[in-house]
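Note that the chains are named A, B, C, D, E and F in the order they appear, and that numbering of residues resets to 1 at the start of each chain.
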Amino acid sequence: MENQIFELQFALDTFYFLICGALVMWMAAGFAMLESGLVRAKNTTEILTKNVALYAIASVMYLVCGYQFMYGGGIFLSGVETVATFSKEAALAASVANGFDGDSVYAGASDFFFQVVFVGAAMSIVSGAVAERMKLWAFLLFAVVMTGVIYPMEGAWTWGGQEVFGMFSLNYSDYAGSGIVHMAGAAAALSGVLFLGARKGKYTKDGKINAIPGANLPLAALGTFILWMGWFGFNGGSTLKLGGMEVANEVANVFLNTNAAAAGGAISALIVAQILFKKADITMLLNGALAGLVAITAEPADPTPLTATIIGAIAGIIVVFAILGIDRMKLDDPVGAISVHGVCGFFGVMVVPFTDADATFGGQFTGALTIFVWVFITSSIVWFILKMLMGIRITEEEEYEGADIAECGVEAYPEFTSGGLK
Amino acid sequence: MKLIKAIIKPSRIDEVKEALNEFGISGMTIFEVKGYGRQKGHHELYRGAEYQIDFVPKVMLEIAVNDDSVADCMKVISEAAKTGKIGDGKVFVLDVAEAIRIRTGEIGTDALS
Amino acid sequence: MENQIFELQFALDTFYFLICGALVMWMAAGFAMLESGLVRAKNTTEILTKNVALYAIASVMYLVCGYQFMYGGGIFLSGVETVATFSKEAALAASVANGFDGDSVYAGASDFFFQVVFVGAAMSIVSGAVAERMKLWAFLLFAVVMTGVIYPMEGAWTWGGQEVFGMFSLNYSDYAGSGIVHMAGAAAALSGVLFLGARKGKYTKDGKINAIPGANLPLAALGTFILWMGWFGFNGGSTLKLGGMEVANEVANVFLNTNAAAAGGAISALIVAQILFKKADITMLLNGALAGLVAITAEPADPTPLTATIIGAIAGIIVVFAILGIDRMKLDDPVGAISVHGVCGFFGVMVVPFTDADATFGGQFTGALTIFVWVFITSSIVWFILKMLMGIRITEEEEYEGADIAECGVEAYPEFTSGGLK
Amino acid sequence: MENQIFELQFALDTFYFLICGALVMWMAAGFAMLESGLVRAKNTTEILTKNVALYAIASVMYLVCGYQFMYGGGIFLSGVETVATFSKEAALAASVANGFDGDSVYAGASDFFFQVVFVGAAMSIVSGAVAERMKLWAFLLFAVVMTGVIYPMEGAWTWGGQEVFGMFSLNYSDYAGSGIVHMAGAAAALSGVLFLGARKGKYTKDGKINAIPGANLPLAALGTFILWMGWFGFNGGSTLKLGGMEVANEVANVFLNTNAAAAGGAISALIVAQILFKKADITMLLNGALAGLVAITAEPADPTPLTATIIGAIAGIIVVFAILGIDRMKLDDPVGAISVHGVCGFFGVMVVPFTDADATFGGQFTGALTIFVWVFITSSIVWFILKMLMGIRITEEEEYEGADIAECGVEAYPEFTSGGLK
Amino acid sequence: MKLIKAIIKPSRIDEVKEALNEFGISGMTIFEVKGYGRQKGHHELYRGAEYQIDFVPKVMLEIAVNDDSVADCMKVISEAAKTGKIGDGKVFVLDVAEAIRIRTGEIGTDALS
Amino acid sequence: MKLIKAIIKPSRIDEVKEALNEFGISGMTIFEVKGYGRQKGHHELYRGAEYQIDFVPKVMLEIAVNDDSVADCMKVISEAAKTGKIGDGKVFVLDVAEAIRIRTGEIGTDALS
């Protein structure tokens, strides 16, 4: 009968993983909607194509080699149990060995599924920052390397617990990946933005910053809601176990804190925008919610709900100034990805020691730095090679006409626009 | 025959249409345009960057009328379109050398609806 | 080993609560899409801003004091167990005390999470009814009071089981909140509409009713689908327990009945619209589905599937006539929120005694009346104060130009519209 | 105590069914978005109306008689246990009889819920193929017969395990319905397309094929993501049991393979499109992902992840050529439903024997043929009767003006379009 | 030089364009307009309230031609645009005082494509 | 009085507007049009079927000026709109018989902003 309890625990934890994974997969749609809402109509088809394709590429590359690099799951998932190779005896034995309060036991396939959707999320961050000017296929080739190698390597050194190259041993705490996923994505994005340069017309020679409004704000709001929802899986699943009272309580607090931080970020960003601009800038509201989510991701379990709200609220304030500052540095990031995922990801990592006694500022900083440096440098190498090989930027004329026609051959809204005259 | 081109505020289109109808004008062609003049546009704001929309939405009416009606027609439009505030718009009159109704081939003022 | 079973039950029920809560959170996106699809392009950014911000406000205010007022969960959730304060012993003891067939035991944080998303739903109802003319910040201040006090108080008297003020003891049955959530939201909306007046141009002096078509019907349909999906969590979670055969069977019937009522409402409303107008009015179809959902919410467990379909179908008929009637009374409700949530919410409450033998018409009516009067009067006081302090309506010129530019500074579809000439 | 374990297993399996069902219900929104993104603006309201209404009709008709025909669940679900009629004793007895490793035991209502959403999916396939020219009410009447009779009958012969008419005994393996659901939908769609003819202007007299671009590609991408997500429930739920280690492992592999096949299909279709057209055609990318999903549906458990990726990739290649071929045959299918669901559904059925030793090519072919012939012939009879009775095609003038105004009375985007001049 | 302004049905634009091409006209400017005339608009319905769309979508063509071609060009347009049903539209002819091709500075009829 | 109709590339609208402003023209009406000429459109592709977009987006400016300014104004526009590549557009000049400012009733050149 004890075996039956273990079977149920196994089933419950597997299911929990799968549902959380499905929610994270759903975030791919969130990024796609957010980004397609914030670019101009003429670049919408292309950003959608990138978002769908990058998720597909992440799914395949992580299966081919990424999971092996990160967790040693085998090339082509050869180490993951299939229906044919599954051994109930082994699983039961592991359950008994772990005892009811030990590590969870769940289907290996569910772990892969939960991990692979994170890769998609990391890569989605990049697409927004380089939107409206990067070549589609150069981007997709970058995605192959990023999801197959760059992300898995830094993932291995942190979550994977591997001491690759004997280079360093991080005492680094990052629950669901403020640094490992979000800041990593932002580092690749930053490198891409530097290699690409700004969109034509974004910054004038006399130093003026031009606004380039997004074409479809309801999509941006929808994307934010999707991400908000998907984040419950992102953070909630990262508890890695549900079957047990203490972990279940932890999962519940993660859900609650995740929601609270997003709410705090949304409100504070909206208020700051209203004070600064005298208008309730919706894009800041949306970025504020995401900033709160990114910040709480490094430690969504330990803070009290009030603390989580405050952490989110601070991130909401930071993100507004980060967006303004980065724009002033003439780093053209159409969706604010570097501010949201990079700056607030770093903030999230550094704030962990306040609520988690085991974490140290030194460890957090070292870890964040390692991730940033690794991803930024390797990304730069890849961008550089791509630039040499095939070029990474569409021509000026294509940019004027829109990436949609140049790259995808079809407009996103053929009946709604007729040149976008203002 | 003359072509009256009237640039008016979008909010007055219904009034103008009705006034013209009463006056006996039953055909016209309209389209949306953007106006630039004394009436200034507005500021918008996007992610902290303010920008100026210089052009104000207006509606252009093009109405072909016979020479006798031009003056009255201008008056009808002006009165119906007037709000008294800056940006009420203009009416221009151009000469029409020839007109034809495609369906019937009627020419001249017969071509007007 | 018994403990392990209780642990699993605790974990399962907590997870069930969290997933249902995530589905209800998702309804916030549904309301946002529905409402942004049914307003004009020039007011779209503003309604989106309201919808995101109100959900954030609800999340924070309910955490600050609402949960305390409604269920005594402590100011700042001080009474809810965090990761640090969780006592497995206490939870196990409670499980043993309740026995396997008694009340459920789950993580306190999951209960809060499930409750807080309901607050967002109640508030979302208001935003639609006052769309296209209410000041953003007046609305958000109203949201603070509504989600922090007004809703929690009536919630306390009903679900909270408190006899506040010794005023009344309701024998009132409202499973998932046809009255407590939906009619309450509609009462606040009605009050707001009365204070605000109709949109300019909606009713002409000679008594004509003008149609003001929504700008983006796919969003309205998407919003309805999202709500339909989220409602499974709304009603399904309201069973409050999953771990047990009888409750699991009940949850399954709730899902089934919820779907059946929505389907019934959609079909009947579409047919009525076709008969009345000779056209298949999609907005009636969508409102019909929602009407069915609202109506079944008061008792989604007890009816047979056939009865649920019929209840939904009646609500679908009611909602069409309610929309036409309310329009004729010159109450300008751009999305039909008062009809869907108010009229059909009341219908749902009153129909409970037919399928639930414990409920009485008297009790239902008294309860509905109490909720309505409380929310309507307190809302009116708040609207009145806001009107005196800062005004609640944008200026006529701003209304003409659109709330987007006036309040948020940016258009929702800058490239698609050029004045909206018809 | 053993009973308590069975209770938990029952609860877990019921919940799993319900969540998977909710995900499949969500696919209705996916089809609605996909289709409304791929039609022209002037036919958008109508396709949305069809999609919402058909799901409602499927829900009601399957409840009225479909479930009885397919699984013998009773007219009006009279055979499904409600809250009142549920017998815990019987459920426990069944659990004990099945033993822990036997068939699952779950709430009857959850089974119905899971099955009914499949009916909606089958019917949604049809609406896309006949878009932009079919009369709304003729379509909805067809939906009544399709969801009440045609689909349930072939479902009964396959999943239902009934030997209706003693006609045939299929040794046919179709896990989640590549044939039973998808190819069936496509067969009805094909028949509809043949009866309807092509949209005006699609094929010119001199044999040229005109492109008729969709109005809103972000909706099409969103719809694809929704379907991708919902498919986890579609295939994952089809395992029919979660509570046990082996089944849980199977469910996990189904999720993983489903994702892998979609990714494979997306990538291969994008590459083929790029090679053939020199452009990254987004509609092929989206159809490729769906093609992968349809193909893996017949056997998502047994393939290794790599095999699943390859099956998906092959489907992605097939679908591009199928779309081009079907267009060349002057079968006008605006969304590619026949190619995605029909051709790739057939491919999925036929590929099962490669990974499932129990399946034979003969059995698969016979089963697929039976489904196709049954659905195609009965559909044709229904289309024919509808054509005689009321006509199935809108008039040429209505088609020119758009089905929205003709059938629904309101445009989908009244402010964005002004004639659609190109 | 003359400016031909032709208001036609959107469904005829391809035919007209091709006919003009054959006739040797290789430059024109077109835009979407809304017409008001004998051809009536349609009713729409939204949440039970019916409303009238008075204006019918049309396309305006503006073509500058030299004086000799005007009559033929009008004929070409009329024939290609004709469906025989109400709402086929009108052609108006206006005098052009001067023309210049921006790219080259050519003036007069040389400026026409 | 004359009506200047200038068809220019959308990308040049800001330059032209500023040049006109400097020149002292403070009123104009603009709208989006589609041009057909030597500059060819582009191909699009949808589900394997290629199709040709013949028309190129352009902006039409309509500016009423008094007779004295016409020549200079044309020059200003031409210079500001010029990129030297095919498709830069044309300027046409039409006679205006009468003009009125709706708000004030001023007529003739007084009506111009």
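As a convention for this text, contacts are C-beta pairs under 8 Å (C-beta built on N, C-alpha and C of every residue); 3 or more make two chains touch, one makes a residue touch a chain.
Everything quoted here is computed from the prediction, not taken from an experiment.
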Touching subunit C and also subunit D, the following chains: A, E
Result of counting contacting C-beta pairs for A-F and A-B, higher pair: A-B
Rounded Å distance, subunit B centre to subunit E centre (Cα mean): 18
Rounded Å distance, subunit B centre to subunit C centre (Cα mean): 47
Inter-chain centre distance, subunit C versus subunit E - centres from mean C-alpha coordinates, in Å: 52
Residue list for subunit F, restricted to those that touch at least two other chains: 30-32, 34, 44-46, 55, 58, 94-95
Residue list for subunit D, restricted to those that touch at least two other chains: 1, 5, 8, 12, 19, 213, 216, 222, 277, 279, 281, 283, 409-411, 413-414, 416, 418, 420-422
Interchain contacts, given as pairs of chains that touch: A-B, A-C, A-D, A-F, B-C, B-E, B-F, C-D, C-E, D-E, D-F, E-F
Complex contact set, residues of subunit D against subunit A: 1-2, 5, 8-9, 12, 16, 19, 23, 40-41, 100, 213, 215-218, 221-222, 224-226, 228-229, 232, 236, 242-253, 255-256, 259-260, 262-264, 266-267, 270, 274, 277, 279-283, 285-286, 289, 301-302, 304-306, 309, 413, 416-417, 420-422
Subunit A to subunit D touching residues, read off their complex: 1, 4-8, 10-12, 14-15, 17-19, 21-22, 25-26, 28-29, 32-33, 36-37, 44-46, 48-49, 51-53, 55-57, 59-60, 63, 76-77, 80-84, 86, 88, 91-92, 106-110, 112-113, 116, 136-137, 216, 219, 222, 407-416, 418
Footprint of subunit E on subunit C - complex, ascending: 209-214, 273, 276-277, 279, 281, 283-284, 320, 323-324, 327, 336, 421-422
In the complex, subunit B residues that touch subunit C: 10-11, 13, 30, 32, 34, 42-46, 57-59
Interface residues, subunit B side, partner subunit F - complex: 2, 5-8, 31-38, 54-55, 58, 60, 70, 74, 77-78, 81-95
